[in-house]
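Okay, handing you the structure first.
In this document, chain identifiers A, B and C correspond to the written order of the chains, with residue numbering beginning at 1 in each.
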Amino acid sequence: MRRSSSLRNQVYGWLLLTPAAILLIAFTHYPAVATLAKSFYSTGTVTRPSKFVGLDNYRFMLEDQVFWKVLENNIWYAAGTIPVSIAIALLMAVWVNGKLPLRGLIRMSYFTPTILPMIAVANIWLFFFTPQIGLLDQVGALFGFPSHNWLGDTDTVLACIIVITIWKEAGFFMIFYLAALQTLPPELEEAAKLEGASRWAFFRRVTFPLLMPTTLFVLINAVINSFKLVDHLFILTKGGPDNASSLLLYYIYENAFSFFDQNYASTLTVVLLLALAIIAIGQFVILDKRIHYR
Amino acid sequence: MFGRIRRYLAGVTLGLTLAFSTVQSALAVELTMYYPVAVGGPLTKIVDGLVDDFMKANPDIKVKAIYAGNYNDARIKALAALNSGQPAQLSVMFSIDIYELIEQDAIVAFDDIVETPEDKAWLDSFYPALMGNGRTGGKTWGIPFQRSTIVMYYNKDAFRDAGLDPEKAPATWDELVSMGKKLVKKSGDNVDRWAVMIPSTGYPYWMFGALAMQNDQVLMNGDGNETYFDAPATVEALQFWRDLGAKHKVMPDGTIEWGTLRKNFLEGKTAIMWHSTGNLTAVKKNAKFDFGVAMLPANKRRGTPTGGGNFYIFKKTTPEERKAAMKLIRFLTEPKRTAEWSIKTGYIGTRPDAYETEALKKYVVEFPPAAVARDQLEFATPELSTYQTGRVRKLLDDAIQATLTGAKPAKDSLGSAQSQASRLLKRYQ
Amino acid sequence: MDNAGGPSDTARRRINAWSMIETGAAWLLALLWLLPLLYAFWSAFHPSEYATRFELTAPLTLENFQIAWSRAPFARYYLNTFLMVTSILAAQFVLCTLAAYAFARFEFRGRDIAFALVLVQLMIMPEVLIVENYRTMSQLNMVDTIIGIGLPYMASAFGIFLLRQTFKTIPKELEDAARVEGCGPMQILWKVYVPLAKPTYIAYGLVSVSYHWNNFLWPLVITNSQTTRPLTVGLAIFGAPESGVEWPIVTAGTLLAVAPLLLAFLLFQRQFVQSFMHAGIK
């Protein structure tokens, strides 16, 4: 049905959009551009004002050992949290969707980490990982394992952070899988059973491909979170020891608010934005092809 | 007729009173002060109490004391407030923030505010060791308030258990190692109790300041533009720290968590801990064993860094506000109030005459550890503080952690830290 | 006929054993997942000697809660969080509804590009841009205000996206019927679209409230004082004094802070889960 006047459409459309647009531009688009612009200037103090320095900040960044360490950590962090939390989420969803006794209780327990703020549970996890008197070591002692300095060992600290993130995220992703599983027609499973297909084969050939759209959605969420979720670092390690557990967003915060080097922090943010942009493009271009839509 | 006159007079009196009090409150100076809390306990209540006492004694000054979190938070908040519509006039901030605050042209030197000779004398009435971090360029920028040093807490029962004299804590590095070896308790391969724990997360550079000073080495100069991270004595000190864990096995390997250290000590997982005097009250309350406090051991000499926060007055203040701020600071640093503050919180008394007050004299007799902290001030050294202090501190922290976790030998990690620090500080020289 | 296509006896037994193992594994995982919360309860209700000792005969105490409550102004933090979350949600409802309506039902030049630009915020969230956003806020003099915490989030790309989807599924006949009765576009929005999108609003509301109740990094940066600090920042400051972690007090404080959300979740578990699911399907 045709609208009465195209001009009215235009005006209305833009008017309705304007309030949201103002805020979005102010807090997403403008800052993104400003971050890029500021990265070309030196940070000013009252006694030494800011000036244009071209690519100096970038040169400093490339020579900054901590930056490379932080980037490497973020990649490990992503590689550790994303596949594992998605896999566990899928497993949880399948279990909760099935005919397990105490299903409601189990579902609640899986979902609880999602509603607790990360900063609140970080102290509890600190207790778990404390050497000797912490829970992990106490349980380990029962089995004769020696005490280990989980958060103080550069080899294990990142793994601990990853574990905490997986714990926090899996339940959240489970919900999306649950929703998707419940939209699958039960006839498919019955038909497969009649043909004698094993559960695993059914899952691999039918369920999983049908869940692809959900997996894609969850994957994107997981990727974004792997850049965003740094709350636990504030309580547990502050990025240490020796930056072994530091992540890019945390390093940005440190530079901006502990070292007062806002423009270097902007330079680092540009890297973060670039990473997010590449992922966004990658998502649309590559993964779009591999989804089965019904 | 008299009724009317009386009413008229009443009205005039009322009007004048109102006008007067309005003028009074208009004349009242309002001060906003941010302060951090770095020790456990109901410190905000104590601060509020002191501030209330001040306002009672000075009805023309209104003070809003805002708890800002830890030292980092306090600095961030105070500086942010300066740029916003509601600036603070004074704040308690880290003693080592001094160069950053000067570079941001945020603070004013006390020498520029004090007028009377009595005030000037007041500037010199604090322990000199505590003034180190507050003075540069010949001027005083920070006045000590909540200051601490590191002391050695030790478990006397554990000492007895190991056959050592419980009244004699290790006095030298060598004694720390030899006594430490006796204090370690194992069951099989598992260590039930370590001899000593020196925390290396949180503020590793602070603990390291003690070790370096005990080796007769300072970490920076008094102008904030030079560091000595790779001096031979510094490297030796870090090597000793590493050896405690890796070679002598009296300390756990890797980094030791600041936040859980006190709990470890209270649970008997370590016989000795190096920690801030700020923990005195908490340890006293919770220790289920006989414990003692001693000065840190010496190598070439005794040494401990000072820590904690100073009063700073901001530059963006009117002369009236500065006068009022000075009044507040002088009030809070009066000997009897300093004594009260020290007893309630465990921070050290910042001035000799505080220890001459009845309250502190009595307290020190009842609670000898308080005396240890006071006596150690003779050997104290300023905390690491330079321009770009956050970055420089982090360089040292990372180097310490790299060596303690075995990733890099002391010479390399400190050498790298020094070269990077020099690069940062070059433009201030 | 009885065995055709069905599992044999041995196969059935194998399946039963397998399903028992699976059930056990599911329960074990559930227990593991609850462990941190269980520890929080243990540590908060027992005196500090028992924080690291798990003796079942340990005495219970409410002292930790009293100390935690007195050490930090939780009541004020609650108020701040409540005001923040409500103001964000209210603004989101209004702004996202208007924008979604525009995208769903109006044709205007540049609409698709605008929509793509909106979707950018799904990737580039305000947290990532803390440095610049903080600068903007301080220029607007909104540092340390409750509105300041919420402002970057009030135009939510996720909300616009969800509502646009929902609006698009509403049959045009309803709109036509309303127009016949003489309603203008805003009235159509109010009378037709909004009521029919109620499930989406509820779903989105729950997602938004959970997210902002638990948000930490941006509020940390933007708030300075007790009158604006939300629970998460208050907890972080409260739980990490430089002298060390006192688990009983910290966990008591944590429980005080998460109690309402936990309670709401326990009571409305079904709705919570359905909302998140609903939001996810789109």
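In this text, contacts are C-beta pairs under 8 Å (C-beta built on N, C-alpha and C of every residue); 3 or more make two chains touch, one makes a residue touch a chain.
Computed from a predicted structure; not experimentally measured.
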From chain A, the most remote chain by mean C-alpha position: B
Pair exhibiting more inter-chain C-beta contacts, B-C or A-C: A-C
Euclidean distance of C-alpha centroids - chain A vs chain B, Å: 38
Between chain C and chain B, distance of the C-alpha-averaged centres to the nearest whole Å: 39
Distance from chain C to chain A - Cα centre to Cα centre, in angstrom: 15
Two or more partner chains touched - positions in chain B: 76, 202, 259-260, 263, 267
Contacts with 2+ other chains: residues of chain A: 126, 133-134, 257
Sites on chain C at which at least two other chains make contact: 51-52, 240, 245, 247
In the complex with chain B, residue positions of chain C that touch it: 48-49, 51-52, 70-71, 138, 141, 143-144, 224-226, 237, 240-247
Chain C residues touching chain A - in the complex, by the definition given at the top: 5, 22-23, 26-27, 29-31, 33-37, 39-40, 43, 51-52, 54, 94-96, 98-99, 101-103, 106-109, 111, 114, 117-118, 120-136, 151-152, 154-155, 157, 160, 172, 176, 185, 210, 213-217, 220-221, 231-232, 235-236, 239-240, 245, 247, 250-251, 254, 257-258, 261-262, 265-266, 269, 272-273, 276-278, 280-281
Footprint of chain B on chain A - complex, ascending: 45-48, 66, 126, 130-134, 141, 146-147, 149, 151-154, 237-238, 240-243, 254, 257-261
Chain B residues within the chain C interface of the complex: 34, 37-40, 42, 44-45, 66-71, 73, 76-77, 80-81, 83-86, 202-203, 258-263, 267, 275-276, 278-279, 282, 286, 288
Chain B to chain A touching residues, read off their complex: 72, 76, 100, 103-106, 189-191, 200-202, 252-257, 259-260, 263-264, 267, 269, 388, 390-391, 394, 397-398, 401-402, 404-405, 407
